[in-house]
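You will see subunit A twice below: alongside subunit B first, and alongside subunit C after that.
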Partner chain A sequence: MSKPINKILFYGFVIAFVLSSLFPFYWIFITSLKTSAEASQITSGFWPSKLSFSAYNTVFTQDNFLQPLLNSAFVSLATTVLSLITSVLAAYSLARLGIKGKGLILGFILVAGFFPIIAMVGPLFLVFRTLGLLDSFTSLIFTYLIYTLPISTWLLTNFFSQIPKDLEEAAMVDGASRLQALWKIVIPIAVPGIFTAAILSFILAWNDFTFALSFISSPSHFTAPLAIVNLGQSQFQVFYNRIDAAVVVTTLPIALLVLLAQKKIISGLTAGAVK
Partner chain B sequence: MSTIADSHIATHSASNVGIKKVKNDTLGSKGRRLGYVLVAPAIILLLLITAFPLGYNIWNSFHHVNFANPIPGQPFSGIHNFKTLTTTPDFGIAFVNTIVFSAVSVTIEMIIGLGLALVLDKEFKGRGIVRAAVLIPWAVPTVVSAMLWKTMFDPYTGFVNYLLKILHLPGSNTTWLAHPSTAWVAILVADAWKNTPFIAILLLAGLQVIPRDIYEAAKVDGASSWQAFRRLTIPLLKPAILVALIFRTLSAFLIFDIIYIMTGGGPGNSTETLAYLNWRAFLVDTNFGYGGAISVALILMALVIAGIYVKVLKPET
Partner chain C sequence: MATVELEHISKIYPNGTAGVTDLSFSMQEGEFLVLVGPSGCGKTTALRMVAGLEEITSGSLRINNKEVNNVAPKDRDIAMVFQSYALYPHMKVRDNLAFPLKLQKMPKEEIEKKVARAASILGLEEILDRKPSQLSGGQRQRVAMGRAIVREPAVFLMDEPLSNLDAKLRVQMRSEISKIQRQLGVATLYVTHDQVEAMTMGDRVAVLKNSFLQQIDSPQRLYDHPNNLFVAAFIGSPSMNLFEGEIEFNSTGANLNFGNQTIYLDNKVTSLHPSLRSFNQRRIVFGIRPEDLYDASLANQNPNFQSIKAKVSLIEALGSEKLIHFTINANAGITDDIKQIAEEKGAMDSLLGSQGNSQAEGVARFPPRSAVKRDELIEILVDTTNMHFFDIDTGFSIWE
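And then the complex of A and B:
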């Protein structure tokens, strides 16, 4: 880094990485601001010749894109909550309660995290059909646990193991039960770890396409990713300004989450992987 | 919340004798029984969404479960569905596509990801913002990355052809998704754009645990920075590289979303992968027996890769 040439080269790389990450977002953003007429012509510049919010207007009125956004938010939040409750209990048990077969259980959870999700589609489709749960949010929330539960449990088991045992044991000397100690001592200390698990779970559930495509059929139950793809398929002519307006709106919450919580996300991603 | 904890630290140091007794109580059979109760919901849910579909797929794969061509009672069909795998060309094409795609995409993403990790490992102004900027593509839905690159590669309104045109380069009229080779280029770009940050983050974590003073020592011994990179960084980064490799190989092997959205497996079936073929068997052909056979094959292949992963990780923990 001492020689000026090295410095120029280094910043050249930095700029190249940032540009290749972010330029495509810029491009869909300006495409979303084009009129439908301009969006179906050959591109002539880095900026729309006429700025227009008509694509956003159409997406929210005619295409009713608010509904899939709300559906996605509800399904992702419900998955996150269910996954957190289950994984906090499991992780506490694995980290603290000296159960037999702990290594085996952790190994199973790890392998489950690698389960090819496409292989769940057929059998679960048949089961949900039998139970009358096709086209329901329940089917999504249940299956989304495959994205969230392994990583949450793995991450929280690591996190709980690092909390000193003395605190809860002291509480139990004072007459608290195990569960009270978990609720009043361990969970408050583990808030940063639980928060990390929550952010990752929410992102992973928000991003699903495969299960929504397979189980959901009525537009009023579409999640945001499914609705975006449907926008591209239901039109006779593809209007990228409309699709990209929906893409921008779907990306914004996730981009904000990354900007606000990047450290937590990175620590969560690397916790299980590099040790 | 810290005040609760603090007061208990005080309690703890005051009553050291009591601790031992509690330990014996709670880590005995009673605490363990509670342990099984607490871990049960997670295990049961995970079994329901992994082991159960696996079992159901195996059952289906040996039976005639085909809604498009139903036979009442879904009779036992022996290895007919597995035979179909070997006799229809689709499976072979998808298998080759998947292997080649995985090898090429993982190689490209590992090389760029390593470069990105090395850059992010250096101290410089604005590193936090740069890190967030490169992380965003990882965090957005695959649908977003696929649609975004479909926009970028659109022959008329896309950026790629526009760039080729203003740079006066050939190919500015390319209809990217209409030809097998260029369609694969578009898919590879979309996949690398989304997944390279993940590799970079894993490798960065690996880089940050390498002690800095060994580089100083190498410098004193007269090693060039290239030598230090070859002889120190790469060997010390090996565990992180292996983990990233297996993570990515497995998810590249199962690529579905990008294919479905960008090409739908086309033109023809030139960009069909195993996961896409599996989905098509289930939900387009509604042939759950044949689909089950593909799933069983996929799970076996994934298990082999995951098995390597567990084996690689084990000596470390």
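And then the complex of A and C:
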């Protein structure tokens, strides 16, 4: 790194890497701002010859893309809330209550979180069909919990373990019950961890395509990714600009969420607690 | 009326470790009681049982005459200062102080009044709106104290609250805590491993060793009448000099032989320790505090003073006094206890060096004008009336 030539090579490589990763996003973004006619041309340029918001307009009016967005929001939020409530309690128990075989439980939880999605689709389809839950949001929420719960629990267990036990004991001596100590002391301190778990859960639910495709059939129940696939296609033409406009409005909330939450995910929040 | 009573309290941890064994004592109203002892002797365990943070294996614990063995910490009317301070990092100092009161659902105005009062007692007014991370170690310690005193509880529990402070601040806080405790008149159970802290702060001091209570007494009484070798060696700095000797009674008194020297104890001295007679012709351990040794070239003759010879190995001039380290031809009175204490006090090397080769080390406290020099063979006068004698097998003091 000391020689200038090394520096140039290093930054050259970094810049090339970043540009090539970002290029697809850029392409999606500018395509969404093109007219249908321009977007379907094979020699479409790097910048729209004429800025047009017609794709966005059409997506929300003609394609009624608001409904799938709301569906996605509902399913993702419900998943996140349920996942948080359950995983906070589970993680706290694992971190504090001296449960036997805790290491084994945590290991199993982690493995469960990485179970291949495609292997789950078939069995779950049969389960939900038997329960009469196909084509419902419930089926999606349940399925997402299978993935978000282990990850959240595992993450939060590690987080809670790092919070000094003294703090809760101090709270209990100060007059708090165990649940009060959890609610007033542990959870506020674990906010960064809880935010991380929340965002991971939300993104996982928001981005899912496979399960939605398998379980949901009526268009009124489509989530955003499922709607995108069924969007902008007519018999004669693919409307890339409309698809890409839908992709942009689907991605934007997530990007904003992560950017905003970044401020909350600051480590070292326990600084000053002990010593 | 007793505020806290422990009756045959024992704690055995799930892994079989005895934390505390058969501990009994009661604290009077407003009393400052210190638990002291080497690392792992069970001080924290005892304190945590009183707090309700550790289950009591057997025995009975009463606070304000009510048995609280199975009462949750929050209902015991206690406040605790943790060694780590355990300040709530997400709350301002003000909210840290108010937290126990808020849990009691106290009206807002009253909370504010009490927080303001605690803050003024501890000088926290300036920092009420800071977070714990923005405080110095000393300030954190004060906030931890403040959170305990706003409660106006029946008992304060403190687990080595000063051990994270630097030496100067520690001395300052020591007297401040004592002052506040006296002012508030709240019974306080205070844990420390520092015997100086114990002696200076406690109304009474309980000395623990390996989960057993050794002695509970006023600091002066502990110092003057230690129950056993352990307490004798643990209390006092520098430690009591302990040597092995053989006692031989005759018509006028007794001869205490050690190495190639003899200390003559007249009848007046032996009558202070009547049961010493039953150790006639047996080996015992005898102890002399460093301040009961006098520089023969400075001290006036006194019939109770007996002379011994020793070689100076090191001189620590402290200004107000000189600590004379000497070696003497004798066996050091070393038991496993004493080794443990020496290790704690960082004096293991000199102790081990003196083991086996019948060269024992000792310390004398001489006035600064003493002219003794290193490597010199000097004459030291022993005040025999203040000597201590111990059973070499049991370690018990020999008094009545």
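In this text, the second predicted complex is superposed on the first by the 248 of 275 C-alpha atoms of A that agree within 3 Å, B and C clash if a C-alpha of one lies under 4 Å from a C-alpha of the other, contacts with A are read in each partner's own complex, and residues count from 1 in each chain.
Basically, a contact is a pair of C-beta atoms (placed from the backbone, for glycine too) under 8 Å apart; a residue touches a chain by one contact, two chains touch by 3 or more.
For clarity, every value in this text was computed on a predicted model and none was experimentally measured.
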item	value
A:L213 touches, of subunit B and subunit C: first, second, both or neither?	first
First, second, both or neither for A:V18, with subunit B first and subunit C second	first
Touched partner set for A:L97, first subunit B, second subunit C, both or neither	first
Touching partner for A:L134 - first (subunit B), second (subunit C), both, neither	neither
Touched partner set for A:G175, first subunit B, second subunit C, both or neither	second
Partner chain(s) touched by A:L259 [first = subunit B, second = subunit C, both, neither]	first
First, second, both or neither for A:A78, with subunit B first and subunit C second	neither
Set intersection of subunit A contacts, subunit C complex versus subunit B complex	166-167, 169-174, 184-185, 188-189, 191, 269-270, 273-275
Residues of subunit A defined as touching subunit B within the complex	1, 10-11, 13-14, 17-18, 20-25, 27-28, 31, 39-43, 86-87, 89-90, 92-94, 96-100, 105, 107-112, 114-127, 142-143, 145-146, 149-150, 153, 166-167, 169-174, 178-179, 184-185, 188-189, 191, 203, 206-210, 213-214, 224-226, 228-229, 232, 240, 243-244, 247, 250-251, 254-255, 257-259, 262, 265-266, 269-270, 273-275
Complex contacts: residues of subunit A adjacent to subunit C	164, 166-167, 169-177, 180, 184-185, 188-189, 191, 269-275
Touch list for subunit B against partner subunit A, complex	1, 4-5, 8-9, 11-12, 15, 18-19, 22-23, 26-27, 31-32, 34-39, 41-43, 45-46, 49-50, 52-54, 56-57, 60, 115-116, 119, 122, 124, 128, 130-137, 139-144, 147-152, 154, 156-159, 161-162, 193, 197-198, 201-202, 204-206, 209, 239-240, 243-244, 247, 250, 254, 256-257, 260-261, 275, 278-279, 281-283, 288, 291-292, 295-296, 298-299, 302-303, 305-306, 309-310, 316-317
Residues of subunit C that touch subunit A when the two form their complex	51-53, 72-74, 78-80, 82, 84-90, 99-100, 103-104, 131-135, 137, 140, 147, 151, 157, 164
